[in-house]
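Presented sequentially are two complexes of subunit A, the first with subunit B as partner and the second with subunit C.
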Partner chain A sequence: MFTAEMARQWIKESAKKIESNKEQLTDLDQVLGDGDHGLNMTRGFKAAVEQLNEETDEPGKVLKAVGTSLLSKIGGASGPLYGTLFMKAGNQLEGTEVQLSDLSSSLRVGVDGMKKRGKADREEKTMIDLLEPVIELMEEKGNELTSAHLIDKAKEALEHVKEYEAKKGRAAYYKEKSKGKQDAGAQSSYYLIESLATVLDKDGEA
Partner chain B sequence: MKKIINQPDDVVSQMLDGMVKAHPESYLRLEGTTVLVRKNLSENKVGIVSGGGSGHEPAHAGFVGEGMLDAAVSGEVFTSPTPDQMLEAIKAVDQGAGVLLITKNYTGDVMNFEMAAEMAEDEGISVEQVIVNDDVAVEDSTHTTGRRGVAGTIFVHKIAGAAAKEGKPLKEVKALAEDAIQNVRSMGAALHPAQVPGSGNPGFDIKENEMELGIGIHGEPGMETIGLVSADELAERLVEEVLPELELKQGDETAVIVNGMGATPLMELYILNNRIQDLLKEKGIKSELTLVGNYMTALEMAGASLTVLKLTNERKKYVTNPCQTIAWTIND
Partner chain C sequence: MVSLVLVSHSPDISKGLKKMLDEAQPEVTVIDAGGTDDGDMGTSAIKIQTAIEKADHGDGVVILVDFGSSVMNAEMAIDLLEESHSVKIADAPLIEGAYSAVMEAGFGKSLDEVVESAVHAKAAKKVQ
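And then the complex of A and B:
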């Protein structure tokens, strides 16, 4: 099961992780971008937590509202991308009875929306290189998904993305010099997956 | 780095309020937004909206006024504004004739403006978008983000604004803006980086005896790091890089911007212009209109860029006819 409360916990946990790693995200972005990813993501997720839909029992509604908050608060390229991910996924999830497999297929719709919005594909050193392999694994595991699956896959993806040459965003101006340096967006996406894993873990214990 | 600010979080909002207080006859700030709208919007004309991250002043809010923009949307420093803010700007300037959005080619700006355009269309407003990509320092390739939009954007504001003022419909205003984009090229160089308020580090590192050629307006690298050269040598290099794609012939007319990046004194910009104008003249190219000053800055980055717009009779008419903004005025 993936409940509305789990969706809220996911966002609260993400906001915490992003805020406590604000400096790291900004430092990574300083190298390949413009050094504001930590600030922008912290502002966006803080707003998402403040504007969380605490009333609903429908996880889709929670995620959709998160998307709207992120879209209007992050700015830059990350705003429309993370905004699209959560809005599209939220729209896809219907009702209160949501299984992990439903969450996977809704995130698939979300990440496809991001790819379209950013005109990005795999191996271009972006958030997609972190999120899509994880979502593929989620689709494969269905309701058998565990937090360990998520963490292992996300760690592996994070190592790969570091080696790619940037093709999108301001990082692309660094061309081959971008190889071996981590993408700030992939790193923040990693924190989102890590947070989701924490939420699944807690659910498992309960 | 020392700055005259209060809290880093407040810089954009306090700057906008300061602009309105300096020019209350020109601007309104839409409440609860970072949108500056022109006072006394002309009726029945196509609305022209631009925007982008802050830190490039006077771009873009300084170009709001008669004959140029109707509204400008300011994001956080060096960060694209968000679609909800852009939507407010679009709604505020739409007079029923539709709205043209002028975007610099940066991933965030393009995506946010696209989403705003979709939201406005949903509300029944006709919206068109043009993307300025005048920076020749970046290779134009379908595999990358493509060229950046820099100071050439000012000429696109001018031409689109003048065409809208003349009463052209949205499709024609867009076509004229696209035509301007096809015929404007720029390149810059930096001597010293800028530092975003609240950030602990300058945007890039550069040695005392070096300059970064082909710099972007947020300090992104362009072509190469070179040893410091004289103003005349820099003028030669910029002219050499900017002109070829414009395919100028003897006797062709141009409009030129020698743009300061924020911290470079006007004295140095004029010294640069001195050689640039001689070089154009030697090639038999006429400079019909020359702007020298800070038009598209990058906070306190030291450096300059050259923008050249190739003129036809039509482009010349739109780029030289009257406009009234705080950053650029051409009188009747």
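And then the complex of A and C:
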């Protein structure tokens, strides 16, 4: 099961992780971007937590509202991208009875929306390189998904992203010089997955 | 009459550009949607969405953008519109495109003609 309370915990945990790694995200973004990712993500997730829908029993409604908060508060390109991920996924999830396999299919719709929004594909050194491999694994594992699956795949993806040459955003100006440096968006996506793993652990389904 | 929405990462750029366009064609509605909701450096889909709704008098809206997340947020803003509006993002340089667009809009041209004039500004030679 993936409940509305788990969805809320996921966002609270993500906000905590992002805030405690604010400086790392900013430092990464200073190398290949404009250095505002840590601040933007912290502001966006703080707003998402403040505006969380605490009333509903439907995880889809929780995630959709999170998307709207992120869209209006993150700013930059990460706002519409993370906003699209959560809004699309939230729209896809119906009702209160949601299984992990439903969460996987909704995140698939979310990440496809992000790819379309950012006109991005795999191996372009973006958040897609972190999220899509993890979501593929989630789809494969279905209701058997564990937190260890999520963490292992996310760590592996993070290592791969580092080696790619940036093709999107301001990082693309660095061309081959971007190789070997971490992408700030992939790093923040890693924290989202790590937070989801924490929530699954707490739920005892892991 | 077609209206314009200006989207720049820098709220100062879109503000200054609006002033220049207002002097050129005072009767055209030009809305500055530059910067974030808090007026910082960046762009905001919500701010652009509100600007489109406010700008449209029924003849449509052309959005002029700088780069990167301006385009992404302008596209997202169009997707967020609840009522139907004729809106186009001009594939044009922000300043030169907006200037051509405001002139044509002021002459009462259609949305497609206004967009086309903005796109043409891309090819204008500055140094012969």
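By our rule, the second predicted complex is superposed on the first by the 204 of 206 C-alpha atoms of A that agree within 3 Å, B and C clash if a C-alpha of one lies under 4 Å from a C-alpha of the other, contacts with A are read in each partner's own complex, and residues count from 1 in each chain.
In the analysis below, contacts are C-beta pairs under 8 Å (C-beta built on N, C-alpha and C of every residue); 3 or more make two chains touch, one makes a residue touch a chain.
Note that the structure is a prediction, hence the values are computed from the model and not measured.
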Clash or fit, subunit B versus subunit C on superposed subunit A: clash
Which of subunit B and subunit C A:K167 touches, first, second, both or neither: first
Dominant toucher of subunit A (residue count), subunit B or subunit C: B
Which superposed partner A:T26 touches (first subunit B, second subunit C, both, neither): first
Which superposed partner A:S72 touches (first subunit B, second subunit C, both, neither): both
Touched partner set for A:G35, first subunit B, second subunit C, both or neither: first
Subunit B and subunit C footprints on subunit A, overlapping residues: 36, 40, 71-73, 75-77, 79-81, 83, 117-118, 169-170
Touching residues (chain side subunit A, partner subunit C) in the complex: 36, 40, 71-73, 75-77, 79-81, 83-84, 117-118, 169-170
Subunit C to subunit A touching residues, read off their complex: 36-37, 40-46, 68-69, 72-73, 75-76
Complex contact set, residues of subunit B against subunit A: 53, 75-85, 106-108, 111-112, 114-115, 138, 143-145, 196, 198-199, 201, 203, 216, 218-222
Touching residues (chain side subunit A, partner subunit B) in the complex: 26, 30, 34-36, 39-40, 71-81, 83, 117-118, 167-170, 172-174
